[in-house]
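The data blocks that follow each hold one structure.
Both complexes shown next keep subunit A, but they swap its partner, so subunit B is in the first and subunit C is in the second.
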Partner chain A sequence: MILLDVKNLTLELELAGEWVKALDKINLVINQGQIHALVGESGSGKSLIVKAIVGALPNKRWKITADRMNWRGQDLLSMSVQKRREIVKSDISVIFQNPINSLDPLLNLGDQLKQSINIAALPKHLFWQRNQYKNRRVEELLHRVGIKNHERFLKTYPHQIPSNLLQKFMVAMALASDPKLIIADDPTRGMEVTSKAQILRLLSRVNQVKDTSILFVSHDLLAISSMSHCMTVLYSGQTVETGELQQLRKRAYHPYTQALLDSAPSFRKDLPPKSPLTTLAGTIPTLHHLPIGCRLGPRCPRARKECVVTPSPRKIHGHYYSCHYPLHWAGR
Partner chain B sequence: MDLINVENIRFEDKISRLFTPARTVFSLGPVNFDLQAGETLAIIGDNGSGKSLLAKLLVGLETPSSGKILLNGLALSTAHHKQKCHDIRMIFQNSTGSLNPGITVGAMLEEPLILNTELNVQERLSKIDNTLRLVGLLDDHKFFYRHMLSDGQKQRVALAKALILDPKVIVADEPFAALDPSVRSQTVNLLMGLQRDLGLGFIFISHNLGIVRHVADKILVMENGAVIESGKTDVIFNWPKEDYTKRLIETHQQLVNSQYN
Partner chain C sequence: MNSVVLRYTNLMVITLIVLSLFSFALAYLFPGHPIENLTGLSTEQLASGYQHAFNYASGESLLVQYWHYMAALFNGNWGFSFHTGLPLYEEIKHVLPASIELSAYALIISVLVGIPLGFLAALNHHKTTDYVLLSVSVLGYSIPVFWLALLAIMGFSLQLGWFPLSGRISLFYEVPVETGYIVLDILLSDIPNKRSALLDVVQHSILPTLSIAVVTTTLIIRITRRSVIETLDTEFVQAAYARGLSTYQVLVRHGIRNALIPIFPLLAMQFTTLLTNAMIVETIFSWPGLGNWLIQAIYHQDYPAIRAGMLTVSALVVVFTMSIELTIRLMDPRRRRVRRGTI
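Our next item is the complex of A and B:
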């Protein structure tokens, strides 16, 4: 079943008197029970997509348009703000990039966790057991994310906790409402490998045990491909390729996807130590200087003059790419 | 002869401003290693294990309480501090923060030349241009201010700043962490090239074991201020001895292996 279906999401913002497309025709489909990775460099628009989905962008400064943005068949853009908020609150949990900014500094962690516990599972006539029930759930959640000493932990405030522990706590918060989709925005950034592996294992387990879908936002390819089923690659606000991870790994059609895959030395078993890594020249453009047409153009080794027209997505075997001169496609 | 030779350096922090107030004394060391020209050493370990402190000791930002650092066989003491500043240079964890926003890249690079060399204006300018080109930037970049540079370019400027006095060793604290994949590969290639061409010694701290394995000749593993294990990269990766190292390598290996099923 399709949980989230986003088609041609475009997001414009005003920069020095001009409207620029920070997101340009983004497509994203998330199925029930899937871990879907959203990959892209810093500033490519990953967090903007997340915010657009959950409605966390103020309407004034942004123009958001889309052919559709459906959550389980219901159109999120046309429904009332109130209704949308309810849906997001009950069905979607977000683990934001900066845990310390998304927690209330004045409330201890126990209170914050309790507030987000979903009590729908508690039969109505047992309402008087509500507190007890919440306490039990809190304990269970902390246990699940591997936080020990929970009684002391719950009395502390966000700034007293090291960031990797806080990130685990954010996962517990995300699980508390029993969501259908967890959006994890770069949950392992800057972590050392053992903490990282813990978070990844945790998310994988939730996905397997509860069939919860996960949108995993990151540019850590090693992390992504250890757990994801599907992957959407973003470059400078455009979706360049989408498909099953294994297919993308085997045969990427978009030059940027290939460059991304080549950039992780751990991916390439045959790479002799100290040999130069393949890479693209230049860097991602800023919003002030977006190229016309395919935004990879100025950096793309395959670019030709047709590339000043934005390539539309093409489909092969459930795998979409947007490129005029794709790799492995010499026959055209 | 070894390019750099670190013998038994130790450090004791009595005021304990570097770490949590709960811990009154943090002691580091003893640290021993040597590095040849063109070689790369990676320092790995958890947050708070003393990696950044060790880097600061190497470049002379902190003074060891005992032990010796030899460069080309000559001891570097605080008396030779000036020479040390030239020969061992550091790139900081956050290159954006270490670039002065108020002055141009050119002025930033000229400063150390004015302070530490006898070069005249002309010579300084050509030195700046050469160094910019060495790190893959253009002469014109000397007129740029910090806010006009992309992340990758900032990293290059930080590197140019480190290279301008012709050092023999570069020490870098998490030089790749903040970089995006394509820019990261560019920087890795650039550094490996400079090592080949200039015989530069490179010491870096990183969490990214994929990169460590690819570029480092040797590894130093730190835990709670102590070096618990050190050796050639493929020896450490294939036959780790200490539990901590085993756990680290195993976790990394599991992530890598999970790619192929």
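Our next item is the complex of A and C:
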């Protein structure tokens, strides 16, 4: 069953009087029970996609258009703000990448966790039982993410807690409303290996036990390959390639995907010791200087004259790519 | 927490000591004989009758003199006014409540009006409401207080005749002085026409209060607006939206507290502006307050009065500012001592 179906999502931001397409025709499909990875360099618009889905864009000027942006068959863009909030509240949770900034500094953690418990989903109760129930639920959530000393923890404020614990707390907050989709926006950023493994294991377990879909936004290819089913590669606000992870790893069609996989030494079996790692020359363009057509153009080793026209997505066996001159493709 | 209170008290006491040192130095800095500047009595008077009241130890070292000065200060023995010949402590005790009353009204009004308007402007950022409020606040901020007060007198008291010209209460009412705060005094007293006396006081205080409140209100609008806009731009507010809270819920649960915390210290800093404006307005409306009294003292080159008035005003400012800062400091959980939890 398809949970989230986004087609040709375009987000324009106003930068110094000009409208810039920060996201250009993004396609994303998330199925029930799937872990879908969203990969891209920093600045490729991963977080913007997350914010566009939940409707939490910053208070600046922006325009959002899409052919389709459906949540379980309901169009998110055309519905009222109220309705959309209700859906987001009950079905979607976001784990933000920067826990210390995403938590209210003046409220203690217990209050914040209780706020994200979905009251509508509680069993029938009288109002004086509500608080008791919430306390029990909060305790259970914290134990689930591996925080044992819950009483003390709930009374503290965000700045008093080390960031890896806060990240676990964010996961607990995301689980609080029993969502159908968890959007994890780089949940393991700047973490050391053990906490990272804990968080990833936790997310996989939630996916397996509760059949919760996860949109896993990251640039950690190793983590992605260990847990996700599907992957969407993003470059500078364009979806470059989408497909099942195994297929993508075996045979990437887009030069950027290939470059991304090559840049991770753990994916290269044939890499001799002490050899230089392959990288793409150049850096990701800033929003002020976006190239026309395929945005990878200036950095692409296979770029030709036709690449100034944006390639339309093509499909082979549930594997989408947007490239005029794909790899492993002798047809043209 | 105790250490914080101790630190702030310490800071306050040291500032007050520096102020008292400065006020003592004024006796030497003003023209004339230091003992005359300190006591407000001529050397002949001192020699003849008032010796028992003062123990200034002239001829001793400056430190000893300062010690005696402080002793006299704490005994309520602040010297006499050159101009009226009355004891300064009594005079200031008489005029200070009127000033505090006026400033308090102005402060309350500007907070009650300014903060909601600031929120309104911030919530309608880049919309007409915001622009209108912003331009009104620039206008209000740019009008000189004395000119505004004069215009108000001309319009509302002389032409329309809605409000009385000057003073604190009409001469018809004889209110016995208990606390010095006229509203309290009326309520405590047993004069027959309390209600009309109160109404009269309110009528008298409207124009001066409003003329002071205009500047402070516009300042508060601007401070609040900025702070709320910044708070609404933070990641945790966006995270709250992403959790599916409505604008109202986000504002109540996360917006207001976080926006107000940076406002209050700035508000405390506006207290000095408020007090200065109050002094000017007091003179214009002949409000019998400290500002009016101090400006009269300056006219008459009444050095002991200037010294005592300056000490009072600055002590008031220091105590007020420090207490607000301390309150904020204790309220803000971010600045509490970090106790790492073991989990």
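One rule holds for everything that comes next: the second predicted complex is superposed on the first by the 320 of 332 C-alpha atoms of A that agree within 3 Å, B and C clash if a C-alpha of one lies under 4 Å from a C-alpha of the other, contacts with A are read in each partner's own complex, and residues count from 1 in each chain.
FYI, a contact is a pair of C-beta atoms (placed from the backbone, for glycine too) under 8 Å apart; a residue touches a chain by one contact, two chains touch by 3 or more.
Keep in mind that what you see is a predicted model, and the values were worked out from it rather than measured.
Asks: After lining both complexes up on subunit A, report clash or fit for subunit B versus subunit C.
Replies: Subunit B/subunit C on subunit A - fit side by side.
Asks: Rounding to a multiple of 10°, what is the angle at subunit A's Cα centre between the Cα centres of subunit B and subunit C in the superposition?
Replies: 80
Asks: Tell me which partner A:H254 touches in the superposition: subunit B (first), subunit C (second), both or neither.
Replies: A:H254: touches no partner chain.
Asks: After superposition on the shared chain, which partner residues are touched by A:E41: those of subunit B (first), subunit C (second), both, or neither?
Replies: In the superposition, A:E41 touches subunit B alone.
Asks: Should A:I284 be classified as contacting the first partner (subunit B), the second (subunit C), both, or neither?
Replies: After superposition on chain A, A:I284 lies in contact with subunit B alone.
Asks: Kindly classify A:L271 by the partners it touches after superposition: subunit B alone (first), subunit C alone (second), both, or neither?
Replies: A:L271 contacts subunit B only, not subunit C.
Asks: Just subunit B (first), just subunit C (second), both, or neither: which does A:R137 touch?
Replies: After superposing on A, A:R137 lies clear of both subunit B and subunit C.
Asks: I'd like to know which partner A:G190 touches here: subunit B for first, subunit C for second, both or neither.
Replies: Only subunit B; A:G190 stays clear of subunit C.
Asks: Give one of first, second, both or neither to describe whether A:H219 is in contact with subunit B, with subunit C, with both, or with none.
Replies: first
Asks: Using only CA atoms and the superposition described at the top, report the least gap between subunit B and subunit C in Å.
Replies: 8
Asks: Does any part of subunit A touch subunit B in one structure and subunit C in the other, and if so which residues?
Replies: Subunit A residues touching both partners: 162.
Asks: For the complex, give me every residue of subunit C touching subunit A.
Replies: Touch residues, subunit C against subunit A: 125, 232-236, 238-246, 253-254, 257-258, 261, 332-334, 336, 338-343.
Asks: Would you tell me which residues of subunit A are touching subunit C in their complex?
Replies: 51, 54-59, 82, 85-90, 92-94, 96, 98, 101-108, 115-116, 147-149, 152-153, 156-157, 159-162, 165, 173, 177
Asks: Would you pull the subunit B residues touching subunit A in the complex into a rising list?
Replies: The touching residues are 46-47, 150-153, 177, 180-186, 188-189, 192-193, 207, 209-211, 213-215, 233-234, 247-248, 251-252, 254-256, 258-259.
Asks: Which of the residues in subunit A come into contact with subunit B in the complex?
Replies: Interface residues on subunit A, with respect to subunit B: 41-42, 162, 164, 190-194, 197, 200, 219, 221-223, 225-227, 249, 259-260, 262-267, 271, 273-274, 276-281, 283-284, 286.
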